[in-house]
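Naming follows writing order (A, B, C and D), and every chain is counted from residue 1.
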């Protein structure tokens, strides 16, 4: 079957998460540069179609820990959380990425009117 | 509201497309290397959860054209098409990326039982 | 032969440019998000070993032009210039990336004491 | 001072390593997909100017270990070694990346005639 509007909106939301993650994974990051990276991630993905808001929070304690040996680390899903709000064909979708069981899990939180 | 199984499956499918695109966008590509890149893109994304199949077809004519000046180009959505099949919580989703109106449009083709 | 200190410093400088380019190529960018992206690129690469300074200037006119159709574009070397200063084993190297003949050319500007 | 031919060749070699690393860092990888990824990495970077040869060896044991929990992992410098040969302005440079002290160290092995 063709997707419903809500299914299409969920697909769009997934695109934003995959983009956010794989565009920036591997970026050198340290406690000093965490804030500018988070802001660039938000503003970059907010450019994509139907994307109303992106919030990225880098876990500065985690970054400090993994940066201890060499002064910096590479961005992975263990180092940040994200929330994305998409509005597509009149349907609002909210989704989040957070660590669960040692894995950065992305999931839809709500699908609404 | 919480997402339905079909909505969650569409979200998963979107993740695969965003990942595929933004992991590999910018990769140096030429007619000679197009096949190995396509294969790596397919096998990389097929590793992701719930991903049953990924098919990437690089447009070798388009690559040849944009490679003419410098012997290679950087991968963009104008240079390949992709199809992804996800099965998540019993729902199969098929989605495609192809050029439409000068833009690499990603969309869900079918959501099934 | 083993590399001299100056040759090793030039190698380090090249690493910074390749990293800068291929980490961020493909990032969605618009006139509105250009500044945050430039800042994140600078601060990310400045984390790398021996990197004293990175300056990235996104060409906002070029971004506006390529964003006209869809509201944003993907970052390529046509849209920004960069300068990197490395100090490695007592040798300072300055290098730049700028468009030359339709190609984003990276080259060493000076190798010093 | 302007760079010598050998210094410029070392700079070119560094570009290849930075590109190789940051284009592909974060790619989903498993024991099953390691070979296609390695091949794509080699052929992609061999497209770049002055690049004569790239050899990438993914450490399948390391990949198997980090993939154990979720079936795959994301590519980092801990999971592969690489050798690049550049010939630029008549100077051949060989460089390698390998783990040293828990860090994926890139260095020039030889600069020749």
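Here is the rule we go by: a residue touches a chain if its C-beta (ideal position, glycine included) is under 8 Å from a C-beta of that chain, and two chains touch if they have at least 3 such contacts.
Everything numeric here is computed off the predicted structure, so don't read it as measured data.
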Pair of chains joined by more contacts [C-beta pairs], C-D or B-D: C-D
Pair in A-B, A-D or A-C that repeats B-C, with over half of contact pairs matching by residue number: A-D
Geometric centre distance via CA averages, subunit D-subunit B, whole Å: 25
Between subunit A and subunit D, centroid-to-centroid distance (C-alpha), Å: 28
Averaged-CA centre spacing for the pair subunit D and subunit C, given as whole angstrom: 19
In subunit B, residues with contacts to at least two other chains: 19, 21-23, 25-26, 70
Residue numbers on subunit B that touch subunit A, as the complex places them: 1-4, 6-8, 10-23, 25, 93, 95, 106-108, 110-112
Residue ranges of subunit B touching subunit C (in the complex, touch as defined): 21-22, 25-26, 69-70, 74, 76, 102-103
Touching residues (chain side subunit C, partner subunit A) in the complex: 19, 23-24, 26-30, 32-33, 36-37, 39-49, 70-72
